[in-house]
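The same chain A turns up in both complexes below, where it pairs with chain B and then with chain C.
Up next, the complex of A and B:
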């Protein structure tokens, strides 16, 4: 085939019409002259999209990613409640930790012994089940690293031990029948919850009736059933399931005590109660039937606070012991709850009968007729932080410091702030009366106490350091002045580095 | 009302079963037989979610309904007392939900089409009704109308 170029003038000649040319043996390359593949070997061109194809709406056309297949890890999925059980599990013993020789137990004698200040006292083994029943141990506390649970005897503990002694009517300055009402506050990690645990342990040692609310939040977070009390004004609400749980806790922990006390009052609301039954039988009525649990709780409370038997029931009456009421996470009770009224308005926590009952104990007068101790702790890790409570606590501190309510230094809510008046009134004493509630602020350990605590880590085999005054002093400063939660981290952290360097 | 709802406290009186009996023809193909929502309200399911399976009840209405009968937010269907179930069903039977509501919506659209309003025309054309732009991104909107 002749070239289509004119070699004289290098211009392109007019191509011969294809129809006139004889069919050539070699295929004519019409495009892409640099391709080495012959046209008939080339793959057939793909069909272009038909313009009549309906546009697909609601489907992205720009980016299509392949979804990654989730690798099957094998095994069965966790059963219902299994993961929660694991999360809430409380381990109180570590067989790998060393046993400390000569470790003393908490007992009526040791808990007031100021010579033992700074040492760690073990919780008596038979009592651990009781403490578990009242949920004194919390899952995130570090019980699981030691051989057996123990707590430091710090200044506040000894002072509380003496208080228990007085209120039980022992010792020199016995004050049997007195009620001490305290709100425990303090920085994060200052040991408020463990302080409550120590109080419960002392209560069990002194054979008191111990009633606890381990998490105040559970009552207001809308997780348990509630029902309005007909005819109450302002309308109050009962929480039958939560009350039932409280009765279960109380009976499990105080079984021996409740089984020894007989019913001494008349309870017309509880028809099924026999006159000769014990308080344990009474409380058990509320276990199975949440519908009557609130009435059962009220009956149990009147029994425990009774000072004299009703007419006709004098037989078998024994004087009631003092009571310890411990509440953790008080701030949750100082806001509106997650429940709503029938008109869809939020229910204030103080309108829940359960909460109201325990808060009304803080008011003036002998709320516990047989004496006892009320310990209401705030929490700093789980804190809704209601403004009104912080002002009320500031006021409490100011009154303790002797600042009068008319003084300009007396804390007041900021102007236009919506501080809850119900909360402010709760802790406000009547005119010129002495405030019935004390504020106890837990601070850090002293250096000596901190040394005792760190020695406990070392003797358990967790801390590989030579513990001398200089080292303790350094850690004491680093822990914000002996905040026990921070000190515990030092004990654990060193352990982590020691195992890594192996 | 063209239907009645009954509550059957099934076996152990826990599962909420709503039966709808339509006396007239309705828009739902499945409504010839009893419409059983048992599948959607398991005893272990949160009450709030079970209520929201009804067409016409969203989170606000369900929360209001529940607070009206003192049912706590994390209540499960199995935990309800018999009386609460009865009360709840009594209220539900008076509310315009499910097929009643569906029919009302369709009737409204039909009326707009018949009277020849702008909205009716837009519905008929399958184009956005509420003044949205149609130059781009019309797919989702036209699927609604």
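Up next, the complex of A and C:
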């Protein structure tokens, strides 16, 4: 079909002025046989060469670095609780370490023997499961490099051993039925937790009932369930899961003892309890059902502190043994807890029934009817550092040093300080009364004890040094006067042997 | 200058100079130096003053002189005995506290300049070596000059040193252009110092440990060290490869670069 345009008309077309025509956005088709656009309207030819200065549109212009490829570690994150289990793992034996010949075990005889002072006594092997059950070992302690766990018999240990002997009613000055209440403090690394461990070991040796709270923080950090006790004034709160865990610990550790004791009191709150059952059965009621665990714990406590059977249950009543109560990290109980009340106010730690129960044991009077030992240790590595507790402990030390409360040297909270009055009152004795609580401050080892401790490292094959008096006293000075945690670092720190170092 | 006391102005004039300000400072030492030296030898002077204890003081002075003379004879240049330096200086200076290799390994494990974290990891590695069961040595890949394997865990630093030294290559391969001509590079072995050799071996061990699956970095490194000790690790192949290239390339050692 012929075009309606005539060739003449086309040839008469004048080039349009440049300003009127915008440069065409369409690409030029060079192969088109017919094109009406003049050459100078075409887009400029692209420059050749791959220049970096070429602007990129619709892309980020910022610098992109190649990321280092992360190695694939199985493609999935570790299972729930796996890493925590790894972190909390406690290893008590190193088969590579040398066995120490003639190493004595802790026993009722050795724990009071002052000739053995400064030697390391092994913990009896059958007892280790019990100590594990009460969580006496902590993950960061250096048990894992020795053949078997052992502790130094230091001055405080022997003194505590004698105390155990007295309170059990043995020896010359037997004081059966007495309660000794102690708060253990000391510098970081001075062995407070291991002191508690030694106490637990002695308790097991003497067949006491051992009840421990290995970490006081867990009760106030808001990690376990809590519920208000209805009708209590001031309002108190129970922690059923934590109580259930305490019952489990106690039964695991004291199984033999609890199985030998029969129920001797009436417990109307626990309907499912048979009159002939043992204390182990009683405690087991609280394992499975956290709802009754607090009542079960109270029942167990009345049983353990009972001095005489209730009417009608005299048949197989046995006298109850003394008790050891050990708490680690006391300072956490001296502030407000992480729990909140219904009004969203912070709950004071003393309002938790569990905490209140153990703190009330520190008050005057025989809180443990059958006698025993209360050891409440502070911690310096995990310490909320409440002001009121430090003042209260200063006051305790002052009272022990014979400074009366009216004298000007008696420590007082600074003016306008917000020291917690509940904490200050807790450790304050009533007028003219003797303070029921003793303060025990752990210091460093003596040089002889330090030598025994370092020899333990050397004889285990871990320390390759010649242990002489000069070396020991150098390390004794470097460790701040025999602070055992620092001494342990010197024992652990690996130094090369002469053949390897260059 | 014109407000100065006349004495000082005179002194300035004497010294000459054309500055309008003073650059002089009166030294108080001049006065002291000018005086006769009375304090230098106190004992004879005191003896002169006190006639009563003359003989005793003289005896004392002679005794002191004698002792000092002896000391000078024994240690020329020292008045007193030189201080006794303990043999194990490693404990004294915190920079030299650790073994050389342990220090080098620790610093190569360091990331972002966090040395304390690296030291913590190193102590975990050493604890792993100390507690893991002794390595089953592969007879084809023995550690250099090692004691029996059962003794290794008791000296973890020696263990680590032996592992690193045993897989350390003797040389690196230098790619030299311009010898063969035509732009091809010639592989020439180049000897390494002890520290450089160890550095290469540590780098290989750390690279190989990256491919392991343990969750913890320290565990990965420790497992790789044990694997090297048992001859299972790929680091040995790397070293063998390096040595093979080096042996074939040693013919090129004496060739010179063409200009």
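The rule is simple: the second predicted complex is superposed on the first by the 418 of 502 C-alpha atoms of A that agree within 3 Å, B and C clash if a C-alpha of one lies under 4 Å from a C-alpha of the other, contacts with A are read in each partner's own complex, and residues count from 1 in each chain.
What we mean here is this: a contact is a pair of C-beta atoms (placed from the backbone, for glycine too) under 8 Å apart; a residue touches a chain by one contact, two chains touch by 3 or more.
Keep in mind that this is a model prediction, so the values were computed, not measured.
Visitor: Just chain B (first), just chain C (second), both, or neither: which does A:78 touch?
Guide: The answer is second: A:78 touches chain C but not chain B.
Visitor: Touch check for A:225: first (chain B), second (chain C), both, or neither?
Guide: Only chain B is touched by A:225; chain C is not.
Visitor: A:144 in the overlay: touching chain B, chain C, both, or neither? Say first, second, both or neither.
Guide: A:144 contacts chain C only, not chain B.
Visitor: Which of the two partners, first being chain B and second being chain C, lies in contact with A:342: first, second, both, or neither?
Guide: A:342 sits against chain B, while chain C stays out of touch.
Visitor: Would you sort A:252 into first (chain B), second (chain C), both or neither based on which partner it touches?
Guide: Neither partner.
Visitor: In the superposed model, does chain B or chain C contact more residues of chain A?
Guide: C
Visitor: Regarding the shared-chain residue A:364, is it in contact with chain B (first), chain C (second), both, or neither?
Guide: A:364 contacts neither chain B nor chain C.
Visitor: Applying the touch criterion given at the start, work out whether A:469 contacts chain B, chain C, both or neither, answering first, second, both or neither.
Guide: A:469: touches no partner chain.
Visitor: Using the touch definition up top, name the residues of chain C that touch chain A in the complex.
Guide: Those residues of chain C that touch chain A are 88, 90-91, 98-102, 123, 126-127, 130-134, 153-158, 161-162, 194, 210-216.
Visitor: Can you list the residues on chain B that touch chain A in the complex?
Guide: Touching chain A from chain B are residues 63-64, 67-70, 72-75, 79, 138-140, 142-143.
Visitor: Note which residues of chain A are touching chain B in the complex, please.
Guide: 55, 57-58, 222-228, 237, 338-342, 344
Visitor: So in the complex, the part of chain A that touches chain C is made up of which residues?
Guide: Of all residues in chain A, those touching chain C are 71, 73-74, 78, 83, 86, 91, 94-98, 144-145, 461-462, 464, 492, 494-497, 499-502.
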